[in-house]
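Both complexes below contain chain A, partnered by chain B and then by chain C.
Up next is the complex of A and B:
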C-alpha cells in the first residue's frame, strides 16, 4: 500500500479529516508528521527564509520530517481560495513552489490547486489531475471526495460543540474528550487556526486560559450567519477568508453579553493580521489584547500577560456586580 | 475641493497633471522626509508594510496643508494594498480629520470604470477634457521615464556624479512645471544633452537588475535611493517595473505599449507556477529574464513583511542556483539606516566585480 504524508501544519487543522478520509477511501495509508516540537521548529527556521511568518517556517519543518518517514507522496495543496472572491494569503498560493525550492529530494508532491474564487470548474479539473497522479479513475475520485466531504461535515459539527479544532480532530478519530465546564470568566480567543491550535506556536494559549478558570469562546463556536452579518458591516468586504471571519467574530463577540473580553493571537510578520488586527482594535469596545508570537516568544511573558488580562477582567466584573449607585 | 494623492516616486508628476487637467485644485503631498515617515510610524499599525506608513504620513501632511479630498487606489487582494485605503481612512478619521476619500477601484479593474470614477471626481469637466487630461498625464509619465532611463544609463558612466544627479533633479522639476505637451517636449532635451556631454570615466560598468515590490522600486524615499547609490558605484541599474508598463499591463491590457509581461510570467513558470498577488511572480520571472540577458546580478527590494516578495525571495535561491546569477534581497522599514544599506550594496558590488574578474582570468588562461 502506498503512503501519503500530510504535514501537521497550516490548514491541517481545518481540513485534516477531509484529506484523511479521502486518501483512506482510495486505499492509501496516511502518515502525519509529529505534532510541532522543538526539532521541527529548529529545522523549519533554518530551511525557510528569515522573513517568512512563524507558521510557514514550522510547516517547512513538518515537510522536512515527513521526508525521512519513507512516504511515497507528500500532500502540499496550493490553497488559493476556498470560497468565491476571497483569498487565503499570498504565501499559501506559492507554498508548494517555496517548499520545492527550499527542501531538496522530496518524494512525489501532490500539489493540487484549490481555487474556488471563480466557481467550481477548475476544481473538478484539479480532482481529475489528482486522479492521474494517484493512478485512480475519476469516478473513484468523485466517490472518495463525496465520502470525505461527509466526514468533514461531521468533524465540523464536533468542532462547533465547544472543542478546539485539534481536540475536534481527536474526537473525530474516536478519542473521548470531555468539554470544559462553565466558569465565571468568558473570553473570546481569535487567531488563525494554524497558530492558535498548534500548541507549540501558540504556547497552548487556550489550555493556559482554561487552566486559569476561563471559558474560551472560539469563532467555531459562534453561528456562521452571525459572523458573516457582522463582517458585512464593514465599508469594504475583507478579501481574506480567515481575516473576514476574525473581524466578524470579533464584532459578534463584542456584542454578545456573556463574553467579557477578547484576545487576538497574531503571528509576527503576518500580513493580513497587521491590518485586520488594527481594524478590530479600533472597532471593539470590550477589553482587548493582542498577542504577537514568533519563534523568540518566551512562555513566561505569555503567562504574565494572560494572567494580567484575566485579573483585570475578574476585577472589573466584581466591581460591576457590586457597584450599585446610591440613587437606586 | 482640494485634492491630494499618495506619493509614489516620479509618478506624482503625472498624477498631478491628471488631476489638474480635471480642473481640480491639487495639494501635492510634500516631499517625503523623516518627519513624514515618523508620522506614519506613529499612527499606522506597527506591523503594516512600509508603503502604508508613508501613505499615512503623506496624507497627514497634505491634510494639514489644507487638502480635503484624498484620491487613493484600491484592489481586491490577496496583497494587503487592497485594504490600505480602508485602514488609512479609519486612522485619519480617528485622528479627527474631516475629509472625503475617493477610492479608485472596481471589482474587475477596467479602464472604463476608472474613467467613470474619474468623471465622478471631476463633475464640471466634459468628456473630451477628461480624455485630454488622461492623455497629457500619460505623455508626461512616458517622458519622465525617458529621463529616468537616461539617468540610469549615464550616472554610472560619468565622472561627476553630483552634477549628473543635479541635472536629473532639475530636469524633473522642469517637467513638473510644464503645462502642455509642447512645454514638456521642450523641457527635457537640453538637460539630457548636458548630461550626455559630461565627461566619462573608463572604469568597468556592472549591470544589475532591480526588481521587487512596485512602491519600493518606484519611490526613492522608501528604498534609500538605491538607484543613486548603485549609480555612484558605477553600476547601471535596470528596473523591472516602470509605472507606464504597469498601467499598460494592468489597466489597458497591453493596448498601448509592447509588453513583455507574458514573457516574464513564462520565465517564472518553472519556478513559481501560480500568481501570488502583488509582483511576486513578476519578481521571479524578471530575475530569470535578467539572468538570461547576461546581467551581473539581481537585487530584490520590498517593504519588510511584504507577502508576495517573501514568496519570491524563497524561490530566488533556486533561480540563483539554476540560472547562475547572484541575487540579494533587501527589505526596508523605518529602521533601515543609510550607512547599513550602503555597506551591503558596496559588498555586493565588490563581490560581483571580483567574480567578473575571476571569470575573465579563467577565459584568458584557457586561451593561452
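Up next is the complex of A and C:
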C-alpha cells in the first residue's frame, strides 16, 4: 500500500478529516507528522525563507519530518480560495513551490490547487489531475471525495459541540474526550486555527485558560449564519475568508450575553492578523486583549497577561453581581 | 504583631513588605535579585523579620512577579498573583479613585486603566528596553552620572534636548551626538526623560485614554525628572506613592490579607524552620522524554523535589502527585 504524508500544520486543523478520509477511501495509508515540537520548529525556522510568518516556518519543519518517514507522496495543497469571491492569505499560493525550493529530495508532491473562488469548474479538473497522479479513475475519485465530505461534516459537527479543532479531530478518530465543564468565567478566543490549536505555537493558550477555570468559546462553536451576518455589517466586505470569520465571530461574541471578554491570538509577522486585530479592537465593546506570539515570546509574559485578563473579568463580574470586592 | 507578608520577585529586584492588620506598611526591603532568586527570597525574608522589633506572627503570604511561583514554593503562599493585578490592588488600596497607573520597572513597563477600583484595561511591554529603567541606567552610566542624581540634575534643565526615543540603540547614538555638539548635560538628561516618556506613550500606552488621578510607580518613579516629563506630556499632576518601589509586594500582601480574612483560612505559610534551615537548590535539566526536549527546572529542598517548571506535558510536575499549581485558579 502506498503512503501519503500530511504535515500537521496550517490547514491540517481545518481539513485533516477530509483529506484522511479521501486517501483512506482510495486505499492509501495516511502518515502524519508529529504534533509540533521543538525540533520541528527549529528545522522549520532554518529551512524557511526569512519573510515567512511563523506558522509557515513551522510547516516547513513538518514537511521535513515527513521526508524521513518513508512516504510515497507528500500532500501539500495549494489553497487559494475555499468559497466564492473570498481568498485565503496570499502566502499559501506559492507555498508548494517555495517548499520544493527549500527542502531537497522530497517524495512526489501532491500539490493540487484548491480555488473555489469562481465556482466548481476548475476544482473538478484538479480532482481529475489528482486521479492521474494517484493512478485512479475519475469515478473512484468522485466517490472518495463524496465520502470524505461526509466525514468532514461529521467532524465539523463534533467541533461545534465545544471542542477545539485538535480535540475534535481526536474525537472524530474515536478517542473519548470529555467536554470541559462550565465555569463562571466565559472568554471568547479568536485566531488562526493553525496557531490557536497548535499547542506549541499558541503555548497552549486555550489549555492555560481552562486551567485558570475559564470556559473557552471559539469561532467553531458559533452558528455560521450568525458570524456571516455580523461580518456583513462592516462597511467593506472582507474578501479574505479567515479574517472575515474572525471579525464576524468577534462581533457575535460581543453581543452574546454569556461571554465576558474576548482574546485575539495573533502571530507576529502576520499582516492580516495585525489588520484584523485592529478592526476587532475598534469594534468590540467588551474587554478585549490582543495577544501576539512569536518565536521569542516568553511564556511567563503570556501567562501574566492571561491571568491579569481573567482577574479583571472575574472582579468586574463580582462587582456587577453586587458582591463585596474580594481579592481572590 | 500580626502581619501579612507580600513578596514581589522580579528579574532585577526582589521586594518584600510586611503590612499589619490595618493594612499599613510596617517594613519594606528592596534587594537586587542578581540572577539568584532562591537566595534573594531567603535573604529578603530574614532581613524583613530583623527590621521588626518583637515577635511577629505571619498570618498570610502573597507572592507576585516573574518569580512568584518559586517564592510561593519556598515561603508557602496563600495567594499567587500576576504583577498587573498586584500593582492595581496596591494603587487602588492607597488611592481608591485612581484611574491610571503607570508602572516602570527595571525590565518591563505597564499601564493599567482603572474604574471604580476595577481594572478595565492594561498593557505591558517586556520586549523593548527603551521604555524601561535599564535604559536610563545605561545612559546615566554613559554620562558618568550616578543614577540617584539623574532626576535632580535633569529638572535643572531649562531647554531639554530632543532625543530620538524609538529604540534604545538610536537613542544612545543620538544622545552621544548631542553630547558632542556641546549641549549642557542637564538638558540631555531631561531630553532622555522626555524620550522615555514618548516611547512609553507610543508603545505601552498606545490608544489608551489617560484619566486623572494618575499614579506613577515602580523603581524608576524615584526619578523626579521622569515624573516632571510625564506631567508635561500629560498636562496633569502625577502622583508618586511613598512606597513607589515596592507596590507589587504591597498588592500581594493586601491580597493575601483579604483572602485569608475573607475566607477565614489558615495560612499556608511554611515558617522559619522550613524556610531558613533547609538547603534549597534549583537545578535545570533537559528532558529526553520526547522531541520537545524541554528545559525543566526543579526546585529541591535537601534533595526532595518541591516543584517542577518548564515541562510542556506536565509529566514532571504531575509526578509530584498533586496539583501544585492549584492556587492559580482565578475563579
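Heads up, the rule we're going with is that the second predicted complex is superposed on the first by the 322 of 328 C-alpha atoms of A that agree within 3 Å, B and C clash if a C-alpha of one lies under 4 Å from a C-alpha of the other, contacts with A are read in each partner's own complex, and residues count from 1 in each chain.
Going forward, contacts are C-beta pairs under 8 Å (C-beta built on N, C-alpha and C of every residue); 3 or more make two chains touch, one makes a residue touch a chain.
What you see is a predicted model; the values in this text were computed from it and never measured.
With chain A as the common reference, chain B sits beside chain C without any clash.
Of the two partner chains placed by the overlay, only chain B lies in contact with A:279; chain C stays clear of it. In the superposed pair of complexes, A:312 makes contact with chain C only, with no contact to chain B. By the touch criterion stated above, A:211 is placed in contact with chain C alone, chain B being left untouched. Of the two partner chains, chain C is the only one that A:37 touches; chain B does not reach it.
By the document's definition of touching, of the two partners only chain B reaches A:270; chain C does not. In the overlay built on the shared chain, the residue A:187 is in contact with neither chain B nor chain C. With both structures placed on the common chain, the touch criterion links A:246 to neither chain B nor chain C. Of all C-alpha pairs linking chain B and chain C after the chain A fit, the shortest spans 7 Å. Remark: chain A residues 48-49, 51-52, 78, 80, 85-91, 93-94, 96-98, 100-102, 113, 234-236, 238-240, 266, 268-275, 277-279, 282, 292 touch chain B in the complex.
Across the complex, chain A is touched by residues 45-49, 52, 74, 76-80, 82-83, 85-87, 89-91, 94, 271-278, 280, 304-308, 310-315, 317-318, 331 of chain B.
By the touch criterion stated above, chain A contacts chain C in their complex at residues 34, 37-40, 183-185, 199-200, 204, 211-214, 281, 287, 298, 300-301, 303-305, 307-308, 310-312, 314-316, 319, 325-328. The touching residues of chain C, when paired with chain A in their complex, are 66, 79, 81-85, 89, 116-122, 124, 126, 207, 254-255, 258-259, 262-263, 290-294, 312, 325, 328-331.
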